[in-house]
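Pasting in a structure now, in C-alpha cells, and then I'll have a few things to ask.
Here the chain labels run A, B and C in written order, and each chain numbers its own residues starting at 1.
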Amino acid sequence: MADEIKIGAYICQGCGIGDRVDTAQMAQVAQRDAKASIAREHEFLCNAEGVKMIQDDIDNEGVNRVAIVACSRRAKTEAFNFQNVAITRGNIREGVIWVRPDTDEARETTQDMADDYTRMAVAECKYIGVPDNSEEAQYNRTIMVVGGGISGMTAATEAAKAGYPVHLIEKTGALGGAAAKSWKRIPQKSPYRDLEDTGVAELISEIEASDKITVHLNSTLTKTSGAPGRFSADITTESGSTTTENFGAIIQASGYSEYDANQLPELGYGKSPNVVTQAELDAMALEANGGPIKTKDGKDINSVAFVQCAGQRSEKEGHLSYCSGHCCMSSVKQAMYFKDQNPAVDTNVIYTDLRMPGAGGEDFYRGGQEKGVTFTKGSVSEVVTSGSELEVKFKDLILNEDTSEKVDLVVLATGQVANSGLNIDEVGQDEPGEWQSNPESILNLSYRQGKDMPQLTKGFNDSHFICFPYETRRTGIYACGPVRRPMDMQQAIEDAAGATMKAIQAVENAGKGRAAHPRAGDLSYPIFRREGCTQCKRCTVECPFGAIDEDEQRFPQFNEARCRRCGTCMGACPVRVISFENYSVDSVGQQLKIVDIPDEFEEKPRILALACENDAYPALDMAAMNKVEYSAFVRIIPIRCLGSTNLIWITDALNSGYDGVVLMGCQKGENYQCHFVRGSEIAHVRMSKVDDTLQSLSLEPERVSVHEVAITDIERAPQIINEMAETIENIGMSPFKF
Amino acid sequence: MADIIATNETILVVGGGISGMTAALEAAEYGKQIILVEKNPSVGGRVSQLYKYFPKLCHPTCGQEINQRRIKANPNIRMMTMTEVTSVSGEEGNYSVTLTSQPRYVNENCTACGDCGDVVEAEFDDDYNYGLGKRKGVYLPHKMAYPQRYVLDPQIVGTPDATKAAEACKYGAIDLDMQEETNTITVGAIIWATGWKPYDANKIQPYGYDRIQNVITSVEFERLSDPHGPTGGKILRPSDGKEAKDIAFIQCAGSRDQNYLKHCSRICCMASLKQTTYVRERYGDEGKASIYYIDIRAIDRIDDFYQKVQADENVHFIKSKVANIVEDKASGNPVLRGVDTEGYNRYENPHELVVLAVGMEPSVPAGDFPVTVKVNEHGFIEQDESNGAIFAAGCSADALDVNRAVQSATASALRAIQVVNRVAGTEG
Amino acid sequence: MSNLNQAMVEKYRNSFLQEVQANVEEGDWVKMCMQCGVCAGSCPMGPYWEHPPQEIFMMIRAGKREEVLSSDSMWMCTSCYNCIARCPRGLPITHIMHGLAHYADRLGLAPKEQPTRKFANKFWDNLTKKGRVNELKLGLALYFMNGFFEGIKVALANQKLGLNMLKAKRMSIAEMFGGHGVKDSNGLHAILKKAREIELAKADEFKG
C-alpha cells in the first residue's frame, strides 16, 4: 500500500473491561509505545455509535489500519467489519478480564496483560495490509473430467448444466465405465424394490447432444501442469497424437478396478468357470439380455450362491482390509436377475454383516426377500470344485455348524480397488528438466511433489475431513466416485455433483485470486523475496498442498492459485523470504517483541503462547467464557497454523527475555485434525530441533513446549499455560532480561 | 427486518445444521447470494450436540469453528435465526417464500457478556442437553453458539425476570417489545436441509425408556460424554448419579422395524462403536461395553474402525435384537433379555446403563412441508423433477452420516446454482 | 414314512423352504425373517424351546426338513402373540408355528408323545363329536392321557377346582352321558367330511 500507514487504536470499555483495567493507560500505551496515530476509548465500541466513531476516523482522519482492543477476534465480527482497511484485534475480554480474578492483588498483572495486548494489536497493524488481487490470477471456465464412467459422465453433464464447458477424458474407446458393463442398477427411487436401467445410455446421449462437452476417447493425460484457473494438459491418444488444452479445474473420476479374484483360489476362482465375480456375472446378464442366464458352457443355472466379502474385510495377505460398501446391495441386485427371470432358481447370499443402509437399503433387502432371495449369516471357507459341481463350504453362524451347499454358480463379491494412479509417497517426481510421463499415472502432474494426488488410505484419494469431504491436497483437483471412496452407482452420481460444485467454485475463486477452503476468500498470496532465497527447497517439500514447484533455476515457484495460505512455507523458510500481505514473520514477530519484558527482579515472567487460530485459540476463548483462570504472565498470539511457526519467533522470544514458549497446534498423525493437513506435524518436527537453539543460548529445554490441543480442551489449554508458569517458577527466570 | 434483498438469483437454504451451512457456504463461496434460515436461535444443528465424530474421533466444534468463520467472512450469506418457512409458491427460478421469525427479545447490541443471565432466576430444561440439565430464562444456547447472542425465553416475558434482565443489560440489547415478523422474499432455488430428529424412544415400549431411569438414548449419551455437557463429561447414570462403567448399546432402537421406523438409519452402528470408545477413554480397563446388534453396518473404508473396536477385549458383540428390558429394583440396573442368535444362547444380562441407538427420523413430518415435494414412505425427500428447484440436502434426503450429508449438501448447492445460473443467463 | 410325507419329499427335493411356503399356513412369510432373534427372546416359553422360531426359520432355509418337522419346538407356542407384536418384519410367527405343527402332524412326523399335540388331538376329537367341547370328558381324557395312576393323581390334585366348576355350573356331571352339542350335528359332520375330502384331494395332487 502506497499510502502512509495511519493506525487507529480503539479501546472498548464495555463488558466490564472499563471496570477492570485502566483503558486510558491502554490508549496512552497504544500511542506512546506502539505509535498509533489515534487512540480512542469507547464505552461500547461494538454498538452503532462506536462503529461510527471508527468509520469516521477512516473516512476523515485517513486511518487505514484499525486495532480493535476489545473482545476476541472471534466475537462481534459483523460489527467490526470495515472495508479496505487492515484490522487487528486485541483480546481484552476473553484474553484478560475473563481469565483473571477480580482482586486487588491481581489488578497490576491484569493491567500489564491489557497493556501488552494493546501494544501487540497496534504492532501487528503496522505489519499487515489489505491484500490485493495477484496478477497471476487467471479465469478459465473449462472443466476437465478424467474418467468416462458414471461418475465422470455425471460430472461432465452437471458442469455443463451449470454453464461450464467440459473436456471429458476417457482411456478406453467408449464411455460408460463399469456401469456400462452392468445389466441393471440398484434402485435409486422408492419403493426401492425393482431394478432400474443403468442410465448409461441416457447419459451418453446427453453428452453427445451437449455443445459444451468435448469427449476424448482412447485418451490419457501425459502432462498436467499449472494451477486452478490456468491448468494445461497434454491429452494423448492411443495412437500417440497429443493435443494441449487449458482448464480451470479438474475432476478426477478415474473409478476403480475390480479386485483380482485370482488371489482367491480357495474360493474356486480360476478352478471352475462357474465361479465368477460380480462384474463377470453382470457381463453374463448383459449377454443374456433378459433371458435366462446360462453358465459359460451354456447350461441352465438352478442354484446360485453369492459369497460376500470375498477377499475383503480381511487382514490376510493380498486381501482388501476394507469393505467396498456396495457389494451387499449388488448381490441382492444380481440375485434378482435370476429371480425376476425365473423364481424357481435358488439364490442364497452368504454374508457376515448385511450392509444395506439408509431408506433404500432396507427396502431393497426386503424386496429381495419378497422375491425369494435367501440370506445366510455365515463365513465361507472354501469352494470345492469337482467337475461341474460346486460345493460352497461355510460355517452357518446362526445354526453354529459347519455345512455346505451345492450350487451351479458361485458369485464372489470382490471389492473395489481405487484407480488412483501412482502412490507419490513411493514414486517421486522427476528432477526439473527431466520430465517423463508415467503410463501408470492418472494425472501426470508436473507438480514437484509427485504426479498424482496424494492417497489418503488404502489407495483412495479421499479427503480426511469429515466436515469437508472434497478437500483433497491438490487445490482445484477434486476426486469423486470410487476413486475417492468405495461406493455404488447412486452414491457416485451424488458424489460427482458435489465434486462439480467444488470444481466450478475453484474456477470462480481462481479467477478472482481468492483462496480455496479453509481460508476461502482470502486474497493474500505468498510473496517471495527471490534475492534472499538459498534454494534450500524446504518450502517446496513441506507445502501440504504441493503448491510449490521449482523453476529452471531451482527457485521456488509459488503457484498462487494452488496455495491455501496456511503459511507452512513461511514457517519453513530459514531465511525468511516468504510472507503474506496479511500474515508474515514480522506481523507475529513484532507482536512478541513489543511485549514489555519486566526485569528479573520484578518477578513477572513472560510466556509466549503461539496458538493455532482454528482449535487452540477458540478453546482458550471458551475457557474464558467458562471463566477458567490462567497465568497473567502469558501473551497469546493466534497463528494460522502451527506449521507457519518460524523458528526465528522462538529465538527472538528467548533472546528478548521470555521465560517460556508454548506452542499449541492441532492433533497430528493418522487421525490428524490440522486443517492444513500436515501443518501441525511439520511444526512438531521443526520444533524438535529447537533444542539446538536453546543449547546455544544455554537455556533449559523445558522452556519450550509443543502441544496438540483440541477445540474441546477448555480445561487443558489453560492448564498447559499454567504448567509452563510453574515450570518457570521451578527453574527460574530467563537470564536474557535487559 | 426490512432490508432483506433477494431476487430470483438468490438461493434460499432452509435449515442451518451442517448440511444447510455447507450448502449455503459452498454456493456463497462460489459467488451466489444466499439466505440461510434456521428455526433455532443458533446454527449448527444436531452435530453441535455431539461430542465426537466417527471414525476420526475428532470434535464437531472443530469443523463448526471453520464453518462459522467462513460465514463471518462471507458477505454473500444473510443468516436468519429463529425463522421458519411458512409458505412457498411459484416455480423453478421464481419462488415467493414467506419467512416467519420469532422474537429473540435480544437485539444485535448484545455482546454476550452474560450479565442478563446472571440476574434471571427462572430455569428451564436445556434443549441443547436434551433436557439433561437446566438453563436460565435468558441464555446463550451453548459456548459455540453462533450468532453469539443471548436469547430470552418467551416464557419469562411478562415476568419480573424479564424486567430484571432488561435492567441488567448495559447495552440496551434486551428488547421486550420485539414481535413475530413476517417477510416475503423472492428466490430462484431452495435447498431444503431441515435434517433429522432422534426417534421418540418412548414409543419403543419393551425397552422401558419411559419407565427405567438408566435407559437413555444415544443422543443423550453424547451429552453425558461431552466435557461441555451437563455432567462435565462424566458418564453419570440418571437413577443415582453413579458413574456407569458397564454399558450396553442396543442397535436398531426404532430402526429397521416396521413397528417404528422401517428404514435403516445408517449412522447408529458407527455411532455406538464410537461411543464404546468414550467408555474406554473415561474408565480404561474398568470400562465395559456390549453391543447388541442385527448387522454391524460399518460401511466401506471406515470398516477399519469396527475392526479396531472388535479387537478391544472389553467390548462385546451380541448378535441379537434385545427382546425387552426390566429393571432390577435393588441395583437400578436394567436387565436385558433376549437370545444371542449366533448359536442360540439365551441371556439375561444386567448392565449399569443402557444406551438406545435411536433411529433418524426426518425433522419435518411428510404432511408438514410448506410446499409440495416428493416424499418417500420414510419421510425423506426424493430427487424428482416434479420438485422443481427445491433440492434436498443431507438428512432431508436420506439417513446419512455427517460426511455423506456434507457431500449431499455440496451436490444440492450445485443443483441450485444450475437453476439460478440459467435464470441469470450466465450459462454462456 | 407316510405316503403324503414321501410325496412331499419327492416333490420338493431341493427346497424345504419352497415346501413350507406352499404347504404351511403363512409359510410364505418364512423368507422374510432377518434373524434378529427378538421372537426367540420375547417368547414366555422360551427356555423350553429346543429351537426358537428364528432358528426354525433358519433351519427351514438350510433345508433341515426332518429336524424341523419332528421337532417339538413349534408345539410349545401358547399363542401369546408377543413375537408377532415385536417382530420388526411383521411375520405372523404364532400362525407359522401352528402351521408348521399342523403340517408335521399331517405328515405323521410330529413327535408322538408331545403333550400339546396329544391335547390338540383329544380336543379335536372331543369337539368334533358334537360340535361343542365336553369339558368333563376332555378333562378326564387329559388326566388319564399319561396312564391310569397318573390320571388319578392329577384328578385328585384338581379335585377342588372340579367341585368349584360344578358348583358354578361351568361343568355338569350329566356331560358324562351324551353331553350338549350343536343342533345339527349331522350337518357338522358333513362339513368336516367335505373339508377332509378337500384336504385329501390336495394331498393326492401332490402325489401325482
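The rule we apply is simple: a contact is a pair of C-beta atoms (placed from the backbone, for glycine too) under 8 Å apart; a residue touches a chain by one contact, two chains touch by 3 or more.
The model shown is predicted, which means the values in this text are computed figures rather than measured ones.
Undergrad: Check B-C against A-B and say which one is joined by more contacting C-beta pairs.
TA: Looking at B-C and A-B side by side, A-B shows more C-beta contacts.
Undergrad: Of the chains shown, whose Cα centre falls closest to the middle of all protein Cα atoms?
TA: Per-chain C-alpha centroids ranked by distance to the global centroid put B first.
Undergrad: Just the number, please: Cα centre separation of subunit A and subunit C in whole Å.
TA: 64
Undergrad: Any idea how many Å lie between the Cα centroids of subunit B and subunit C?
TA: So the centre of subunit B lies 51 Å away from the centre of subunit C.
Undergrad: So, what's the distance in Å between the C-alpha centres of subunit B and subunit A?
TA: 24
Undergrad: Hey, what residues on subunit B touch two or more of the other chains?
TA: Each of 256, 319, 341, 344 in subunit B touches at least two other chains.
Undergrad: Going by the touch rule set out above, which residues of subunit C reach two or more other chains?
TA: 34-35, 54-55, 89
Undergrad: Touching at least two other chains at once: which residues of subunit A meet that condition?
TA: Counting only residues that touch two or more other chains, subunit A contributes 354, 377, 398-399.
Undergrad: Write out the stretch or stretches of subunit C touching subunit A in their complex.
TA: 14-15, 17, 31-32, 34-35, 54-55, 58-59, 61-62, 64, 89
Undergrad: Which residues of subunit B touch subunit C in their complex?
TA: 206, 252, 256-259, 294, 319-324, 337-341, 344, 346
Undergrad: What does subunit A use to touch subunit C in their complex?
TA: Counting only subunit A, the residues touching subunit C are 302-303, 346, 348, 354, 365-366, 369-370, 372, 374-377, 396, 398-399, 403.
Undergrad: Mind pulling up the subunit C residues that touch subunit B in the complex?
TA: 34-38, 40-42, 46-47, 51-52, 54-55, 85-86, 88-90
Undergrad: Please name which positions on subunit B make contact with subunit A in the complex.
TA: Contacts found on subunit B: 18, 22, 25-26, 29-31, 51, 53, 56-63, 65-67, 69-70, 72-74, 108-109, 111-113, 143-144, 148, 170-171, 226-228, 256, 262-264, 266, 295-301, 303-304, 307, 319, 341-344, 376-378, 380, 382, 384, 398-400, 402-404, 406-408, 410-411, 413-415, 417-418, 421-422, 426-428.
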